[in-house]
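Per-chain numbering from 1; labels A, B, C and D assigned in written order.
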């Protein structure tokens, strides 16, 4: 079984992920200049603003495209982010011990997304929506919108920037650097993970997949 | 301007009447502000609440064209107050310095007796026969004694003295009449009277600032006469902070008038020659004023010196005693015939004029009834026009609605250099001649107008020398040696004048002679460009117009006697000898203009401004002394002026087009104004709304010099018509709507500016609406729009023929 | 003529610059930052002029470099305006040759034509003089019906002058009258 | 003190708008109408008012505001200057993420156009709605502009010891310039004079507003009547942005990275232990 692999993410999902996260990184870095004045020289003549807008366009369009191509999966995915149960609470309680000490005793078996990933997924949607709405106002309604509204748009954009930025680091870290998450990056890179890893990390999902081999998630 | 811009700061009351200095002469407002700081009051009288009104202490609305009624009412207020509180007025001034005491022919009858007419009128009331619309002025003359000296009654009690005639005529100008005619609320009018009459107190000064709102009427000259009477009764002429100041609209309209660019004058306000002047002497007999009063200086008796010197300047060696100094080289106009602007365009419309040269002038926008004038241009064989920008006049043949192929006029467009791209002088409202230098290059092949005139003249001299022609010597013999390109300094020196034997510049017109030994192009400007050693410190030595010395005058009244040069003879305030009492002591100790100094020289002399007639005060030396107003033949100022065509004292008449009948008399409009086009008279049944035109700060005149300047176009992009909220409500017009304004002459479309600053006039219960239009626009240039002058009538003032731009009838509709 | 604007433009008592800058820092305007100093780009040859708009006769200073206007603003010494300028005065620089709408060529529109043609000065002066002579000679009145010498022409009109210099007005009067022109009018009538 | 100020006296202003034009002339700002290459005719239209152009713009740093007011049958036409007030507590300086906008040595607000990133945060932050952004709406490439108090680089009149262009050009002398303290004194004197002449509502605006403006107004009526904010404040969101959000951002970012680093150390140690 060691060499056996299961498909975790299909190609469209992976493309969505990489393009979207690529856009996010671009947006994040070009937005970062507003937070770190020492970097502002990079933004002179507004070229970061141009890149930010290109990034924003991708950031907005790609999920919309996915929604058009695979509406069912998209709706299911969004639903998933908003479906929380007792198992998730247990997971959250047990997570610190697991992630620091590798103690998986209290960890309940997880679906295709564990509760942490779900939390990230949830924040991605919420922050994304806030980013897009406030960003669009700042982009297109700058002269039309009242100053008071604009001020709060700027404020909210900045708040979600901080939240999403911090969570992005966490996500990156867990996916790539954390000693236990050995195959998370593989799932998104190749779409496949080893059956063993799947069993260990997404037990509930693996069972489901094993039962109906022909139906990988999403 | 009798005074000068900076002198407004010395004033105690400033009345802007027929002018809007904050809008059109913003620099003047700096001086008004200084006066206000000192506690002076600003009065604004205007049909609508203007930028000037916004800063005024007193504002009074007035229906356009009713100035004589308004000022006549003020005159009555002052006359009544003189009776009640004589100590508040300068009675010595009124008695000694004006013709108040002069007795008028017993046959004289005024409008109070003759239903609005004066004695001597050839026609009847509201005469329509043009040949009868004039006065025989015999009864207007003074009574004279056996030496032909006018009789006087210094008690001012004689029923035939000017003062009593004045009282009789203006007794009818009551507050109620003012309200019924002008639509001015009674309390506002009385506040104006009270505020301005306060300047009548000895030592106080009030100034009237006016502009085209006063003059552009069929009775424009009488409007100014009314101001003069008021200012004389208040002893405001000649004093610092007083006077009547015409705020000139163009940078050199003062100079261009001084230089006789009008059909009826030649440089220096010398009268134009007529067919009756068969010799120089005949001419001088006709024009030189005579007076037998030994105490009258009658300065213009020097006419022979000025005209002879002018002929010498124009014809040089060709002007000799033998040929009457070239008198017949020059044209003579037909006696009684008018060649003024409206007549000119009527003659052009009749096809009598074949060619025209226009120098920086745009009649297609600026002329009255512009459609008439635009059509008239098509009768020309050729048109030469010089300007900085393409004008409507240059492009009249392709204006909207005409087919260029139908217009056979050849047009020559000459590109001119702007003010700072050439050298020369200009004369401002204060009569200051100021020198300008070339500071930058002009665009492309643009040239000075001086260069163009010189080139054309040199070419014509060649042609006439070669081919001859009628009166060819008038052209070939002109004294025309300015070089090619012309040297502007040579021209300026000729204007000043020189001794024909020594060639030296002459310093002052007192040194001009009538024997041909002096030449002077413009006697009023004599002393402006003297020998370098006479004015060594001027930036251009000898050229006084170039002076930039801010040294104060003797009494620190802000005259700046060494800044530039002021005509005449650098006098900053004219009639300044009226600013002192009979002993030569200033009425106003705080702002003296001149003062008699008994210890100066051997017999005493004047300190301060260049005195207006260097004679001792009457109380000091009654024999050598002369009356203070040396430019009138009688030596005193005229409350009663026989020279006027429409009456010796202003009587109120409605504008040619008026919404109501004349409430003052049965004579509706000016009885002697020439009516060119009776069919084009608008009547209130069809055109019930009074209209007037005006300018804005951001644009200038016919617009070619501002409508092509993006910064200014941005500030004022389109013409608008201002109207009251009430009128807009009646017509269903909202602010910013396009509206059409129609008169019998045509119609225009403009943006409506609906404002509370315009109010309907309540005239003794009757309500009359007025609208105001901007007139700067036309179909050429960067910013285009309809020309308000399409609506204005082709009728002019009875004396000056200035068109009645400021009051006519229209109807207004939403477009 | 050259004038030193720098000298009289200086606001009295304003010897600011390095000294006060130092003082400002010392006085505790903590956030104050000195301005980066670059030489004025609106400097050059300065010449006094008088405004060509209304009759106030305000003084202005034209600054030009290589014959091109780089700045025009009020002449602070001038007693009428003391350096001030209204909207029109402030906009004077747009009169200069840089204004793309300024006329810069002699133009001629033949009778009935729909457009202007560019011409040379020589051509124009010759043609204009020819037309003046033709019109003058054709309509010249040497003697009137009473036999009096009148030497006038009523077939040519000449208008304008209030926008010209005095010397130009004078020459125009001399020119027009020597031709016998009696229809001589300008803005002053209007 | 080296702080400078302009004193605008509404009781003297005639709204001739010389200031509007000379500001463009001196600072090299264009008009908002097409250049000759793009056509001959003008796009700006009259809107039934003397007020033009319609609003402050990147190329319009001063604009006169005209307000008609009528009370008890007496007409008034109030004029006000709309331009940067050069506040001591300046919303734009607070909002500017990278210090492009700054208080210069004269206490007024300058900006370094080179470093402006075009974020536009200064615009809603201004209690007087003054800064404007010039740029491409779609690409976001932009620069902010506003009155520089004539400290525009290469055109810096103040450093040269000259008065601002608008002050110099004012024909009725409604604008004065000098040390701020002197302008406050002058303003108070004017207010006292106006009050003594019966203008009861005369007041000096900007003496204490936002810790002191560097453009002071002598008004004949309440600031509200002229369309000025009666009690101007830097918006809460702007204060939150610069004073809360930026530091919180740095804190959260720092803590996150710190936490993850610690986790990595601990978790790796554990993982190694288990392998053993």
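In this section, a residue touches a chain if its C-beta (ideal position, glycine included) is under 8 Å from a C-beta of that chain, and two chains touch if they have at least 3 such contacts.
Because the structure is predicted, anything quoted here is derived from the model rather than measured.
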Each chain counted as touching chain B and chain C at once: D
Intercentroid distance (Cα basis), chain D paired with chain A, Å: 41
Distance from the mean Cα position of chain D to that of chain B, given in whole angstrom: 46
Intercentroid distance (Cα basis), chain B paired with chain A, Å: 83
Centre-to-centre distance between chain D and chain C (centres being mean Cα positions), rounded to whole Å: 36
Sequence positions of chain C contacting 2 or more other chains: 72, 81, 84, 86-87, 89-91, 101
Junction residues of chain D - those touching two or more other chains: 16-18, 20-21, 25, 171, 173
Pairs of chains satisfying the touch condition: A-D, B-C, B-D, C-D
Chain A residues within the chain D interface of the complex: 33-35, 37, 40-41, 43-50, 52-53, 99-102, 138-140, 142, 147-148, 150-152, 154-155, 158-159, 161-163, 165-166, 169-170, 173, 177-180
Chain C-touching residues of chain D, taken from the complex the two chains share: 1-3, 16-22, 25-26, 36, 93, 102-107, 110, 112, 151, 153-156, 158-163, 165, 168-171, 173, 177-178
Footprint of chain B on chain D - complex, ascending: 11-12, 14-18, 20-21, 24-25, 30-33, 40-42, 44-50, 52-53, 68, 70, 75-79, 171-174
List of chain C residues in touch with chain B within their complex: 1, 45, 47-59, 62, 64, 67-69, 72, 77, 79-82, 84, 86-92, 94-97, 99, 101-114, 116, 121, 124-133, 135-140, 142, 144, 146, 148-190
Residues on chain D engaged by chain A in the complex (per definition of touch): 95, 97-100, 114-121, 123-126, 129, 133, 135, 137-143, 235-238, 240-241, 245-246, 248-250, 252-253, 255-257, 260, 263-264, 266-268, 270-271, 274
